[in-house]
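Written below as structure tokens is the structure these notes are about.
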């Protein structure tokens, strides 16, 4: 490398370092800000096996940087406690046996204060590393740091999902925050649902490498789509109520067999968090118990409920390719975490040349099982466990939600949950043939 | 309709009736022949919730004709016992609440003799109906009878799967039949695995309506496939043993997360039915406990085991579209029920211009989740529950097996099981990118 | 031993042998007679883990003679099948690992015919042995044969309990026998309940060795009893109905905590086998579904229900010592298996100087936990597992029932079941302080 | 009442009030002192359904005074939060539906600080009431306050049991307190076990009303005892180790059937909290992981283990009457909570005219099921649920333990646990016939 080249490299590298460092600080700060309203007691609860205590989330995302960046790349790095590697490894079996997931709520120590100390310790080490990136590993450090930050953003959404679930166990309906933002009051009911047509044919989906993406979004590849239509907005609580009142939860022919069996076993009558008080529907929110807003998108439904609703409505869910084809042309803007509503809100529908609410508000269940794209290769080493090993029995959701950081989403983003799960912010948009 | 036209119609109809009647008789007889080697006691056992007592199978397939053909279309038809409609409805919720599946093994009456009387009674009524098809409903009767016969063939395979599982509970390893056919002894080890290349592009899959097909095989539609290769034969027991001996069941990185959790919980160390006797592997077969034949295809593996093996082998499973593209060009011949081996046998590999063993021997796990094809419409009425409602969390298998009736299979046929299931005759074929 | 003594011994021994042989034949015949009304299919069902298939009962009682009499004492005895020792060992861990109890219903072979052949084979060997008792082991052979016959009688009652439970799974309410005996119709309602007083003090209970008794009935020992009263007859269905209608199953304060939790979990609203048809109570019986007879003793209640009823009635259950003190003075006559009613019947109450129905009709739950008597010693060897190892968490029942062989019961007899169990013929009698 | 009489009454009453008030303050303080070493995080954990979070204990004992003393007897008393009546009711069904026990660990609010505020609030109200006892209800208030204080002392022991179990979940073996007292080092091994003989006969057991006792200890009544012997001290860890090393956990004939099944299911190899580290036995204690002290009494064994050990040792457990007969002559002194060892310690055996360690160290499993004494009457109203409703399937333990407040125990005291439970400080003493 010539002297000039090296200088330019250094300059760019410095700019990159600075940017990454700023981003690192900003994202790390957000996680702590999300937990600021919590009592120490709230940090400890594991309300079901799928939920992790907030304390664990804060520590796990920190462990990720320690395990995958600091230990391999910061010479002389010493962990503050070797036990953390066992406690805060989520599921990386090739890294070492993780602490049993369902028992995360049984461990009082390390304390919340210990975890914040761990965060500060790792932050300091990360800052030292990022400020003086060792040249030979710079690329890999940046790549892994970027992955770690995206990982932490995923856990920010998980934190909000889990905090909601934790507080919802409490019959007092405690409020996470009473100062959440409120959208400008809608003057009129939400616009009627319309359809946008797409011609189909051979299309391309998947990440093209121009920006960060998880391995499961790659490779970009061709798919063949029949012509289809997509609904202009999300299904609303009001529409979903009509389904409930039309005995939707009692009509087996609308349901997948697994879904109807689950409905029966669990006695489902409505989405998660809904409860009837004196004849009216309310739901638990991050602001406590609130009346249902009929204009807002329905949320906290399982895939089974989404499919049953779609059958009832004479439509279907879009495939992930259909969704991505439509979304790829749009700006990824919408009601995200930064809006500080932390709940889906009614579609204001100012424009109608394209579907609204494609990004934000609620994750949209698709008709597609979460399986590898043709030619998919997971990341090398333990990071290969990040996505690939979950590719069975789960369904893809698209578009992000009101708890997703705005810069974390993109048209190619594939989220995934088991079809029975309801505690994520998930709703649906209808599709149909032409 | 002119006099001549009507006459021709009648003639064709009569030929059709005759054909259908012969086919009805033949298929009905096969079910009973399959049960002939059983003791009455064997007919009663439900060895796990997924298994049904053979008695129940014989009655259920008979109920199918009663419920969907005789009651709607044979005037004056009287059921021999109204309770049968409750006992022998499998899962048609819209037809009436079915008897709880997991309790089928708790019901001693109706007896086996009662069930055979029920079969004879329905056969007589069906023969009467088929011999004098009422003109106005002829088409629907034929369609439903054909469906009923295909349904019964599916249960013939289930009978063999379930009988094997039932007898395998018994530590004495009782023999279903000691007179099963044996293939001509292979003089040499099975040929090394080779690869067949396919160019991909926009292809068509699905049933085109030219022959009987289940609703889930429709509509025929276009898919885009990347170029791929398919293995020349099935994976053998010998190859799978190498995977076992290479610690395949202990290496988490080869496994889907759900699969590895299941393996741990259940202590899986080998395919279902395998057991080690004095240091050698044996497996329970329909001829009792037998040594493993290393040349024969591996069988009774779950989807998880199939994917783990493929990872270990540096390959992957084919998608169902890839499999169908390759199979569509081949004759659907192979080692089926009629061979009377009732176990997968070594590939004799006389020709090698195309993949061998695509049909018969073992169902081949594909990489594809069982979901509706674009534009899928289930059958109307209760028969709409036949396939569509199972389209979640299951995987597609292709090609039929050694327990499938030869005239029941075709290239478009989609079988499906949960990824954890192992009691069906399921194995795998490798695929990979080019 | 003098010549004369030996001659007398021989004569007595021959008489004993003849008596024992007759008794052996008679009791063995009864077991088969009880199964005569069954279809082969009925022999196979294990309707819950506590129930054994009738086939198993017939084989197990036979195995008992083989394992504990023939193998040790009949020179050259050969079992017809070594596997039977595994299949038909119930719970004698020191004899060898028994086949898992909950899986008895999963084994179709040996068949029912095999089991009857096993019975005939063992009977022949036993007859040979009993006809020529080897002098040196005569006493032990007689003792064990007697134990084996009492054991078989216990299983005769179990057969009737289990057959009832098996048939009750069937929504058709099949009839075990339609020709059961019927008591002479009661002309009047059952007499009002009266109380019999007992002074208490230091009493003796337990078997004194004068006749056959199980080890758990020994040793005879002193207990101190406060004065008490015992009800003149069993609690009737009519009385129990009043408890039900007074919201007995909803009033937690009447119930033991474990019982109320169980009631809630299982949704108990009435005794086992009761069901409401068009507003009237019926119950499953060995003659199929029958209306409740309000005069007959209530049956198929758990200990929890018995105690709750007693609380509601302002009384309590008797202790086993109280019960035995009262029973010891009475003839052990009553409604037993030989009456061929096979259900509890109304008290005819001809005499009232002492409590009625103390023997037969229903086993009476006592207030006593099943624990060893002071100085209890179990039988030596594997037979020590007969009773002693079950002495935790179970309650004592006394008096025999309508399914107990008449010569199997005595005042000292201790039966035992877990407090949650209901499929045995169990009811209750009230007691109270003076 | 004369003026003088009233004056004397008042004087006595004042003295009583003062005593009671002092006792109230002292006992309430102890509960908080026991929790002082905890982190807030420790207060939240419910490590198994039987364990309650320490926060819940502190609140529940406070609720007891509110529900049973303040609300009925302090005019104008206002609860600080009506929801507490739901959260902190343990099991008083007649008082209102309690919050589900197994979910106590899912509730983060009220917080620990809220609970301490609740305690202070109730303490203030109780002090006001106790300082000015209203004449007409004085007796009942004193009786209930006394019950409430005994109740709180029971929970002090539960707190220590539960804290130990909570911390034991943590693989780091955190220390509850590192400053626990240590007994003077034993100079010699514990004295060999000797036997003390008792003649038996008609004896009296149960509380005579001269001091506080729970309802289940009454009425005092006669029992008949055969002559028996009692071991001079508790079974030690060293003796128990010999049982373990003699394959005690593998020999089914030593065990009750339920116990052996549990042992197999749970893989028990040693008492709870024992673990082998590098070939040596350690156990979790309130001072963290410590080596086993062979001289100290064995602890944390189930009833099944206690009985199996006794069988192995050729002895048995004492009945509760035997134990009480022996204990009634002794001073109730021993190693209690106030010693601040919080673990059982070796017997120093200065005197040997009577059994040692009868009080304190470990609760002694007896051979007696926990059932009502003859003539037992529970307390009236909701307080009747205190003891009586638990009288099924549990066993009696006697003598208190190292975590029991010294003034809480007496010879008539009946503790009770299910035979499977091990987290209480329970060990055993041998008995045998003469």
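We call the chains A, B, C and D, going by the order they appear; numbering starts again at 1 in every chain.
The rule is simple: a contact is a pair of C-beta atoms (placed from the backbone, for glycine too) under 8 Å apart; a residue touches a chain by one contact, two chains touch by 3 or more.
This one's a predicted model, so the numbers in the text were calculated from it and none came from an experiment.
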Centroid-based (C-alpha) most distant chain relative to chain C: A
Rounded Å distance between chain C and chain D, as computed from the means of their C-alpha atoms: 39
Rounded Å distance, chain B centre to chain C centre (Cα mean): 48
Distance between the centres, which are taken as Cα means, of chain D and chain B, whole angstrom: 61
Shared-contact residues (touching 2 or more other chains) in chain A: none
Pairwise chain contacts under the document criterion: A-B, A-D, B-C, C-D
Touching residues (chain side chain A, partner chain D) in the complex: 39-45, 47, 55, 83, 86, 99, 103, 105-109, 111-112, 166-167, 169-172, 174
For the chain C and chain D complex, residues of the former touching the latter: 91, 93-94, 202, 221-226, 252-253, 255-260, 303-304, 307, 319, 367-369, 371-372, 374-375, 384-385, 389-393, 395, 419, 433
